[in-house]
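Order as written gives the chain letters A, B, C, D, E, F and G; numbering starts at 1 within each chain.
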Amino acid sequence: MTELPETILMIGVALVLGAVAMALLRLTLGPTVPDRVVALDKMTVSIVAFCGLATIWSGDAAFLDVALVLALVGFLATVALARFTERAVSRDAEREEDTQ
Amino acid sequence: MEPLLAITIGILVAAAVYLMLARNVLRFIFGLVLISNAANLTIFVAGGLTAGAPPLIPAGAEAPVDLVANALPQALVLTAIVIGFGLFAFALVLMFRAYTTLGTLYSDDMRVAEPRPEPKDAP
Amino acid sequence: MNSIILRVGTQYLSGMLLLFSLYMLIRGHNEPGGGFIGGLIGSTGFVLYAIACGTDEARRALRVMPQNIAMAGLGIALLAGIAAAAFGDALFTGQWLFINPTEDSKGIPLSTVLVFDIGVYLVVFGSIIALVFAMEEEI
Amino acid sequence: MNMALSNLLLAAAWAIFFGAFTWLSVISGLVIGFGVLWLLQPLHGGNARYFRRVVYWLKLIVLFLWELLVSSAQVLWDIVTPDHRSNPAIIDMPLDVKTDAGILLVTNLISLTPGTLSVDVSPDRKTLQLHVMFADDPDAVIRDLKGGMERWVIDAVEDVA
Amino acid sequence: MGNDAAHASARGNGIIGVVPVIIALSLFAWFLSLTPQLSDGGTVRWVWQWVPSLGISMSFLLDGLSLTFALLITGIGTCVFLYSNTYLAGHPQFNRFALFLTAFMLAMLGLVLADNMIGLFVFWELTTITSYLLIGFGHTTENGRRSALQALFVTGAGALALLAGFILMGFSMGTFELSEILAQGDALTKHAMYLPILILVLAGSFTKSAQFPFHFWLPNAMAAPTPVSAFLHSATMVKAGVYLMARLHPAMSGTDVWFWTLTVAGAFTAVFASILALRQTDLKQALAYTTLMALGTLTLFLGQSSGYAMTAFATFLVVHSLYKAALFLVVGCIDYSTGTRDADTLGQLGRVMPVTALAAGLVALSMAGFPPFLGFIGKELKYAGILAIGSEPLLFASALLLANALMFAIAGIVALRPFWLTQEGEYARAPKEAPWPMLVGPVLLAVLGTLFGVNPDLLQTTLIDPTVASLLGSIEDAKELKLWAGVNMPLILSIATVALGTVLYILHRGLRARLIAITTAAPNFDRGWDAFLNGLKGFAAWQTRVIQPGVLRIYIFATFATVLVAIAGTMALRNAWPAMPDLLAVEWQELGLALLIIAGAVLTVITSSRITAMAALGVVGIGVALIFIVYSAPDVAITQLLVETLVVVLVAVAMLRLPLLDREGRDHRPLDAVLAGAIGLSVTAVLLAVIETPIDRRLTDYFEVTSWPEAFGRNIVNVILVDFRALDTFGEIAVVVIAALSAYALLRMTDLGRDK
Amino acid sequence: MSWTLATPLVLPFLVAVLAFLTRSGPAGRWVSVAGNALLLVASIVLMTRVLDHGVVAAQMGGWGAPFGITLVADYLSAVMVVITAITSLAVSVYALTDVGGRKEHLGYHALFNVLIGGVVGAFLTGDLFNLYVWFEVMLISSFGLLVMGGTRAQIDGGVKYVTLNLISTILFLSGIGLIYGMTGTLNMADIARTLPQVENQGLVSVIAMMFMVAFGVKAAVFPLFFWLPAAYHTPAFSVSAVFAGLLTKVGVYALIRMFTLVFDGDVAFTHTVLLWVAALTMVTGVLGAAAQSDMRKILSFHIVSQIGYMIMGLALMTPLAIAGAVFYLVHHIVVKANLFLIAGVAERITGSTELSRIGGMYKSAPLLAVLFFVPAFSLAGFPPLSGFWAKYVLVAAAIEDSGWIIAAVALLVGLLTIFSMTKIWAEAFWKSHPEGTNPALSLMTQSERRHLLTPIAALATMTLVIGFYPEPFVTFAKDAAAQLLDPSAYMQAVLGVPS
Amino acid sequence: MSVLIAAALIILGSLLTLAAGVGILRLPDVFTRMHAATKVGTLGSGLIMAGVAVQFGEPAIVLRCVLIVFFLLLTAPIGAHMIGRAALRIGIEPWTPKKD
């Protein structure tokens, strides 16, 4: 198999990291809890992409396992946070704080 | 990369320490997560960094054909991560229980084991 | 959690997680994976179950007290280490048995090391479930 | 699903004839096995469900991927263009799909096709709450979904009595 | 005051009461049988190697000095045991009392017989403990406990100094055996460490023998039952200090420091104590102070090295023991039968308690120093000895004269008033003669005093000569004990003493009033003790409030501050700074990862929204995982991601019952920020310094070549975990299990509510 | 050979598993007792082996040093294991009455025995990272035991205990990472061999100080001991007894091990710091005790002050001083554990440990009075009890080394120790009970008395034996010190090559 | 040939990932942002995985890539659903353009 040009991969990495950065920005800005959760979820998915790039770059399939695990388990955090949001607010604990 | 990571770890530690010094023990927990990560990174960095070569022996080979990453620190970090998780989990539950039992997360108000001295104690 | 979508998704996902965790456990000695990772993944299966369907149902599905699973795992791991005594070796010396070895491959390996890893799996699996369930039941 | 099983067996046999589990051998095995089974249909009490089911599945997958690509463009466009020309709204869609698998499939596929997002299913499983990005004509959206995605899913996973 | 006598009843305490008497008596007999061997200044030594690795043995040396003490201890012990068997008849805690008193006697014997300094110290401390328990016999009263603690603390403090002195002496002289040290002549006085040794040893002796300014504990120790006082404060414990000084006299005396310290302290204590004695109305207290006076006098003589002084010391040692023990016992009898010891109340007991009165009379005459009693000889020798002092003899002589005169007066107060003068108060119960076991002691001692007075050389040959011999080396130095030494200076002084004493006795009530006025004005050491204790407690409380304030934040701050000092301080002191790294070599994607982590960390710090904090932690976790991915650690990355997920899940669950992060305002702590920043910096510095050294991969190299051939695994990390370092992994899973169990227990354990 | 070392380590975990799986019935507690009896046997076997062969070492997993994990026992390790077994046996018997069914069902015995396993592991391992692992095992099980019971005081104390110990743990872990970065090895003997070749020796001192702080927290030295007085008076008595006896000593052990074997390159600096730490620890601890009025709080602060003595021995670094430290370790574990056990009985019959609320035991519980008197006055350093010899050797070492100030401090602190011990004696035993009751041992049932008093009596007897016949213990301590000050035998045993 | 396809897939996937990031950042409310994250993001990662599969072509790797994509397609919508319903239940109103 012929190697992919390094530049292609680097562009890929740059774009993916850019996506992560934007998600991070959204995470910081909020404004609502679900916004932050979405941002975190997006990051997880981006890491899967990153693992794909790492796989090609290193030529080692080991990183696909990372992606596999993440694809399967990553959304658990999203679910937990989403449930927290829902319950916490339905308990009316903190509308005034976290959802701002 | 190592120097950059050294700085990153320093910042992680600083953030962690600041959080651990907070009144609210929940922030201590956050700090604990950060500082655990910092400690794990420390081991990882101290063991030397090798990019793109996981410590796996390819099928058919007796040993890694060319340079692969230092496996020992990885094993140590893995152990430390799991231990760290165990400690974190207990600490979290403890703080949780502290709130449900003592009614506060503010360490300044946790004065059951060491009550404030009454004035009569003063010399 | 009264979400049909989540509950139905969990039906498939938790099964897959358990299966996948075992896969990671078995292959762990030669490729990424092993007892820790396996155990962690397996536990997430039941964590998801508990989140989606409540701990009572999850406990019923598990049948055994998770802490017992964990302790048993510890015992298994320990026995895997003590087994070496029977062969006059030091504690935690791996004992290997290769079924129908051929000249090109060692054959199918059975080893105390694998047993140890299984112990690790059970410990991580049981402990995390015990923790999360107990926590879940507090809220 | 015993038909699927036999199909797999045939494929396996085919591959063994070749003495190698390569992509070529396995896939060709599946195709040829399918063909053989179709020929021998009468042998199996002449029920055509399996063959229809397989066709529907393929149809579902292909159409879904197509939907995915096409409507991604819409969202992309809205993302990259400075102004939001989208007109989002929450709309309720009546559900005909019954089985758990069906519901999951429908909701997920709807969510995955850009422009629509399944937010929640009512406890009675009768209505699906959707967030639609381009809800200029909600009824049209619902019509498309029911005629498209839901239809295909029902065909693929549920037995039409 | 008679609270300990209150339990009294005619019958004794059965076998328990008799055993100690037998022990003491047989020991006395045994020592008596040894006198012939020692009368010519010979010694008997017995050794058992106890802790040879530390040069510590159980070696006992019997010479004149120790024999004298041994006889006094066992002899008086016999009387006291006999006495107390009746005095405390039927007392519920008599068994303990007997045990403690016997233990004390044996410890005291060990002390005076021990030849190894550490052995001596062991017995020294045993007397401290046993006397603590004896003085605390009235443990239910605040005062009893206070006195016990005071005695223990003061003598204990001295003992620690003494221990240091002994160790120092042992290392300086190369042996812990006293006999070997004494054999080395003036080697010790010439040694560079002589002064510290002397100070430390004297600190021990003075506290034990209640020399000024450590005298205050002794009168309080009278809280003990009278027989205890009779024993401890006549012949035994308080004399331990005197014994030690006498024991070390050959090796340490002869220097100016020795002379002046002992002479001045002794003289001052003598006068000071006898004045205070005159103050007392409680007979027991009065006797206690006269004991101080006696101890002062003995110390005074030990300051000298003349034959007269030593003979005087030896004689007065015996004299005082005899009459003081007797008087204590007499006072005990009075207390026992009248229920009071108040000098002003007592009177007219002569007729109801004739035997007691007789004994008291004889003893008092000896104490006052009338011929033909031993006390007279003692007093003559004292004057002879004092006049032999090298410098300022007249000054010390007059001091001694005053002290003796006061003693004369006290003798009158104690032995004359209660029996023959008119009673001025009411008795608790109708007084009657004390039962015979309580009379044996006083009478016997009184008779001895008279006997030795009439026939001095009986005492001379058996005790005095050998004692002087062990002090000065040969019996030739001992001066002769005579009733009539012709008209000489001592005799004149004696007459002066009698005259002055009579005057004082007549005036003593008026004097007492004035003395009380003066002494209450003067600084009171007993009140000083309370001040000391309160000061100590106060300081302790203050210190504890400062360093253990019970506020977690302060603890954490202190801990981190220590970390900072340890790291940064050492880097500065040991100059371990790293070279400035070349940060331009960094590639942009690496920078990206670093910034991602940093951003997450910063966000966690600044946000006051818990969910943001949680998500930010997730970001850090993801960033770290990315680093693990980029630098080829798939297993670690997977574990990290899984753990981070579980962390988020757990926190998200816990949060549902936890309140908001900030109660009031934002969380802004400049000082903490400074500390945190400093620690972060020093961590970076250390890390930079560490990564300067290239990593040595010899362990990993081994794992790489053995992993597959010997451990049959291609995933080296996993092989390390389950094979090469399986023990680590085992411990680790134990941590995981126990963490789960602990957390579970914590959540399930409902408050058992055992705290108020 | 290897199993002589492995057995004492494996046993507690085996016991833990069995005790946990049988926790529903009364079997669990007896499993624990039997297991600890076996542990005692195993540890004595190990001790005899060590006495015969000097230092013994074994490679776990059969992987040679420095690649695999080494278990190694020299005199110090061996005696610590024996004393651990004795303490754990005593406490497990005591727990038969002291620990109720609820706690047992939540896994008390598992936690307790895993704790013991961690302690033994820490004493036996020759691998730095493995030492970290055992520290964590101890730490987490101590967390569980500390808060088991869930009283408000326990939770509060737990928060402080946990937070501060976690900080030290992280520091320890990072320190290991750095050491590995500098030496490329984890085997302590190998580190000791490699560290001198590091050119930045200043950095080595820095790492040494990091370890000093990390272990300093565990050992509860000034100014890092806050967690101890905050927590040790809160849990079940059997728990606080084993904590007081063992846990801090593991920190001291680690300090001794690291600062004799590994960090002996910059003694002039590190051990001077240690000396100051020792002095301040002694003083602050004993003053803290003087300020308390609760039996367990007094005893807790005394742990701190006594730790100072042991550190003093290490700091002086002379044969006699190290011997003193070793002797002190052994003596103190026995005495201190016993005092906490006695406090438990006192609380049982008087209803409290607060001195103002109790009393009268001298009159109505003379046996307990005797049993308290022995360890208490041993702690206060009265001859001829074990504490006297411990203090004597240390003071002698200080004087021999012309360490006048530290010697003076040691003696003075001894005096203040007398003060607190007699305070307990006077208040709890001499003084009459404020409510006029007569707290007698007969208030407990026959079996309760048997379970509670047997271990106390046994430990008190040990104190007396050490006190009256110290020679073998002193010679042993001296030999241990010799081994520690000349690690060549240790390294020979571990690495198989003369260093 | 396969290299070119792989390169194309990767660049495209990375671009979509970035686009998703931009969407997260720019779109007006949580629901619209979820649209971007859930599908555009998933699609992006999916394409990258396709690129990996093409690049390696080995059955084992291809299978893993397929699994990863499958898992992503299975979990991402569930996560999105959880967030969306939480958002609705805590009363976040969907953004609507100002009709003027």
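The rule is simple: a contact is a pair of C-beta atoms (placed from the backbone, for glycine too) under 8 Å apart; a residue touches a chain by one contact, two chains touch by 3 or more.
The structure displayed is predicted, hence computed values, not measured ones.
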Fewest touching-chain hops separating chain A from chain D: 2
Contact distance in steps, from chain C to chain E: 1
Most widely separated chain from chain G, with each centre as the mean of CA atoms: E
Pair joined by the larger number of C-beta contacts - A-C, A-G: A-G
Chain located farthest away, centre of chain F as origin (C-alpha): D
Centre-of-Cα separation between chain G and chain C, whole angstrom: 31
Separation of mean Cα positions, chain D and chain C [Å, integer]: 34
Length of the line joining the C-alpha centres of chain D and chain F, rounded to whole Å: 67
In chain E, residues with contacts to at least two other chains: 537, 539, 541, 548, 550, 552, 556, 560, 610, 630, 632, 634-635, 638-639, 642-643, 645-646, 649-650, 653-654, 656-657, 659, 683, 687, 690-691, 695, 697, 699, 703, 714-715, 721, 723, 725-730, 732, 734-744, 746-748, 751, 755
Touching two or more other chains - residue numbers and ranges from chain D: 107-108, 118, 120
Touching two or more other chains - residues of chain B: 20, 25, 28, 38, 42, 44-48, 51-54, 56, 72, 78-79, 82-83, 86-87, 89-90, 93-97, 100-101, 107, 110-114
Inter-chain touch pairs (all): A-B, A-C, A-E, A-G, B-C, B-E, B-F, C-D, C-E, C-F, C-G, D-G, E-F
Residues on chain G engaged by chain A in the complex (per definition of touch): 2-3, 6-7, 10-11, 13-15, 17-18, 20-22, 24-25, 30, 33-34, 37, 41-42, 44-45, 48-49, 51-52, 55-58, 60-61, 64-65, 67-68, 71-72, 75-76, 78-80, 82-87, 89-92
Chain C residues touching chain F - in the complex, by the definition given at the top: 67-68, 71-72, 74-75, 78, 81-82, 84-85, 89-94
Partner chain E, residues of chain C touching it in the complex: 28-37, 40-41, 43-44, 47, 51, 66-67, 70-71, 73-74, 77-78, 81, 91-92, 94, 96, 106, 109, 111, 113, 116-117, 119-120, 123-124, 126-128, 130-132, 134-139
Chain B partner contacts - residues on chain E that touch it in the complex: 534-535, 537-539, 541-542, 545, 548-553, 556-557, 560, 581-583, 586-587, 590-591, 594, 597-598, 601-602, 604-605, 610, 613, 617, 620-621, 624, 627-628, 630-636, 639-640, 643, 646-647, 650-651, 654, 657-659, 661-663, 667, 669, 672-673, 675-677, 679-681, 683-684, 687-688, 690-691, 694-695, 697, 699-700, 703-705, 707-709, 714-717, 720-721, 725, 728-729, 732, 735-736, 738-740, 742-743, 746-747, 751, 755
Chain B contact footprint on chain C (complex, rising order): 30-32, 36, 124, 127, 131, 134-135, 138
